[in-house]
């Protein structure tokens, strides 16, 4: 309990989170502070590049661990399964949300938010808690399975998702080869291959200034989340907010259990917990716009970006780290 | 006097200034060297982020100083007052400039150029002259008051500035919450809150590479200033150039006096002097386009960007530092 | 021979090359991984800025060498001469390529690829092989002469290149003052002027993170090269591929000979060899679109970007370094 | 195809006016509009480019608004005060729209 | 000047549909099209902006396609299924093109 | 509203020709023009995109020029030599302009 409070206090006063809060506040106050789209995309490419490579280099220096395959499998199972939980919970808490909208939302919660994962990594580094390097591969593996579940949920009653029936192989190619998965996994494998020598080359670019870039990026994410919050009025009821705050906790519980089952380290459990607790707001929304165009984007974007992301970033992460430490230590 | 010459020599041969000169030369020679708008904006966001945070962190480590409030007040007074001086001087030196144009120009000289301030900070750091961290708050506070004076000057004779009468509360909200003020003050307060621990997190991003980014940014500013200079032919007469070179000196004198009055350190006096001497080319031009659309933007942009900014950067800054050192030491 | 294999092995497993390969693979697999144009341009400005300044600073610390003028002259001769060789070779190997297209391609091979040069510099630094700092001036000097030769080749038979006859002085101004030449030479001279003191200012920005930026940039270049390769089907025959792989070797031989003749160091010879072996894909294509619009851009872009650039980056560079070391040592 | 006559209003105006133009269009009852970035241009007040600039003072944007013909007058009336004294051009073109029920 | 009657089809649609719209247009036999970036906009589903965003889920693009009049019906028929359920507007304007042999 | 008949000339052309097109338009006596960025496109010479590229060799831009009808012929005559051999399309649409005294 003490650890939770300490971590939460430190987290809330860390520049990274304060810049996020600044962004939210500026957007709510309708300041014209904004980042060009190209800069925002550039920073996100940098973060994927850096976090992927660091994970790979860490695997290279600790040796290829047989746990990798199991952890990836565990992550895939979570990603497939969590949408069903999310769907049931949302329909129960907010019965007015249509089947289609609930299925689309569910897909987001099964998948993951890589920025939340990056923020966790920064926190673990600051606390000196190591995590398995291959968790980055787990993150990449968890992006897509949830989309399958969401499409199944949306269409099982014969209700077409819009463009008619099952999405073609073209859509699957796009989802599996989407830029962030390719960059994350590609950097990971390059990290594995080039190992310590490669790390020495890239360290001054991807390790030293990392937290600064993250702070600047979270300022931008705060602006986007704040804008989403302002747009959410009218779409998001109190019940829906309730879902957006409770679903991450349920996902976290599942991640915690799975992490313990797999025998991961404290850092690894925290990572899996965070992945399970987080909701996608890049890959899944784009897939949903193509596959389920009739589902309301305002609903899933408000939930994932406006509610769950800020919650995880501020209160969720310290909680997950504390719980993971308790479980791994026990 | 010796100090002035040494500083001026060092300054003119520093990469930061040489890159600015390269930009001006390339633009005058009509090279197609150019920075994408997104990159230019990204660099300026970085500079605001870094300088704001550093100011705040320095306040945190020196303790909250009662001088802050007084210095902010002093800055606000200067920002309100200088436009009247600028207006009178411009009308006296170049009587053909209309009341409206003179009022618009005057607003720019009361407000501040944050890039000039950043360049001064780099110079002070290089010379090992410390300045009060809260000067960043003074800078933010000096952005807007000059706009009030300019609008008063433009409309007092019943001459409407264009969109008719006093600008609405909407305009004021925009001016006070403009992106650069929000980012500067926000980073400042985050620096104050997160203090040394936060500084340790961000230092490799905001301190170590700072001068390099500044050099690259000033290359871009040189390109913009050179373009402005080329466009200035036809708008800017010799008398107007005279105004653009003498007004910063008058502003500097006012800043110097105010700084001495407030009992600031040598670095702090140099900062206030620089703020008073510099002319806005981001916030005020945008406000003028909205509030005084009939005023000629070519005039105020040429003056602020094409004449006063290069003057301050090359000759002004060493002079202001030398004078401030003399006064504070005396 | 051993050195070649060692260097090639190290090179192919370096993160920089692996990221290039990742980019090529992602583009061939039609992933939507992509960099915003502004970010790509921003990174290339950074690389030019950094490599130019480093060259200049190195000249400053070693003293102005009379060899500079000779080396620049040698480079200019190569740039003028190589297009004739390339033209003859291409017409011989692929007779169906028109005079105009062959002339346009030839211009690219006489000129240089600055990114290949940057990759070489990184390799030399890693191997601890110093090179003359003024090679950067040689690189800049080699950009344009090849264009003259290409235009002469295209028009000597009275065949107009499109817009009719010789291009005007306006075109020459554009070519000689194109952004990359201005930035490269400008940074070089600023490096010479500001010397070690300037280097101390900029080092954390232009030296420490350099390799990381290069890796990220080469990922982008891989994406572009892969896209070019996909588009090349239908334009590029086997004979043309043969030209794209043999011409760099011929250029390299010429560069090697010239470097030995000039008495350059091993690093300097490797640099001149690389410049001669590389083909332009920024400055020359743009000039050709203006001066020889009827020449087929798909042909020269596929060759320079899709074939010769990857070849030089992966196999060419280690070969050139090994040969240069052998010659300089012999 | 179900196509209906409509007007395509294209407004090229200073970027600082972005918010105001949006408000005016919304108040004039149009169903939507789209804003495109502008790289540069030339006019009586000379040549300008967006490259390298950091402020909004000298940029422009292009606003496209498709509207039913009967809404045009109200739209132009509302737009006029915003345009007065501001740099910019407005053109109105006859066009046909798909899915006309949306306008 | 050799000018010929043609249609200017302007499609403002979600960025995620970029590839599909391109395929559809190509399959409908048009000789080409051009895609422009979009900064932001407003419609029945509210206001949106591209600034600061990193994903493609909420961005739009504008596609301009000039085509010979006789190709229009096939183009619109092919486009319709892509548009259904997707956010976007389409307008068709009469225009004249230079170098008509290319279309 | 004071509206007047005019022509909307839209030129989609290689980015390397930006300066020349501007010069030609200015020499042809138009009062102004506006340049928009282009993301990508497709034509007889295949598909291209601006993403990731650093050079100007393969990019395009769109130029919009509103002009009084009587200026059109001179404009097109001046434009023609620039277009010859260059990749690009030109369309001319009838339109109405506000504040016609400016054109």
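Should a chain be cited, it is by its letter among A, B, C, D, E and F, assigned in written order, with residues numbered from 1 in that chain.
Keep in mind that, in the parts below, a residue touches a chain if its C-beta (ideal position, glycine included) is under 8 Å from a C-beta of that chain, and two chains touch if they have at least 3 such contacts.
The shown structure was predicted, so the numbers you read here are calculated from the model rather than taken from an experiment.
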item: Minimum number of chain-to-chain touching steps separating chain E from chain F; value: 1
item: Graph separation of chain B and chain D (steps between touching chains); value: 1
item: Furthest chain, CA centroid comparison against chain B; value: E
item: Contact-richer chain pair [D-F vs A-B]; value: A-B
item: Same-site or different-site touching of chain D by its copy chain E, using the half cut; value: different
item: Chain C and chain F: spacing of chain centres that average the CA atoms, whole Å; value: 34
item: Mean-CA-position distance for chain F and chain B (Å); value: 38
item: Inter-centroid spacing, chain F versus chain A (mean Cα positions, whole Å); value: 45
item: Junction residues of chain A - those touching two or more other chains; value: 32, 34-39, 41-42, 174, 208-209
item: Residue numbers of chain F (touch at least two other chains); value: 36-37, 47, 56, 93-94
item: Listing of all chain pairs that touch each other, if any do; value: A-B, A-C, A-E, B-C, B-D, C-F, D-E, D-F, E-F
item: Partner chain E, residues of chain D touching it in the complex; value: 1, 3, 6, 8, 22, 25-26, 31-37, 61, 64, 66, 93-99, 102
item: Partner chain C, residues of chain A touching it in the complex; value: 36-39, 41-42, 45-46, 49, 53, 173-174, 177-179, 182-183, 186-187, 190-191, 193-194, 198, 201-202, 204-206, 208-209
item: Chain F-facing residues of chain C, complex; value: 34-37, 40-41, 44, 162-163, 174, 220, 223-224, 227, 231, 281-283, 285-286, 288-290, 293-294, 297-298, 301
item: Residues of chain D defined as touching chain F within the complex; value: 10, 12, 36-44, 47, 60, 62, 73, 76-77, 80, 83, 89-94
item: Partner chain A, residues of chain C touching it in the complex; value: 13-16, 18-19, 22, 25-26, 29-39, 42, 126, 208-213, 215-216, 219
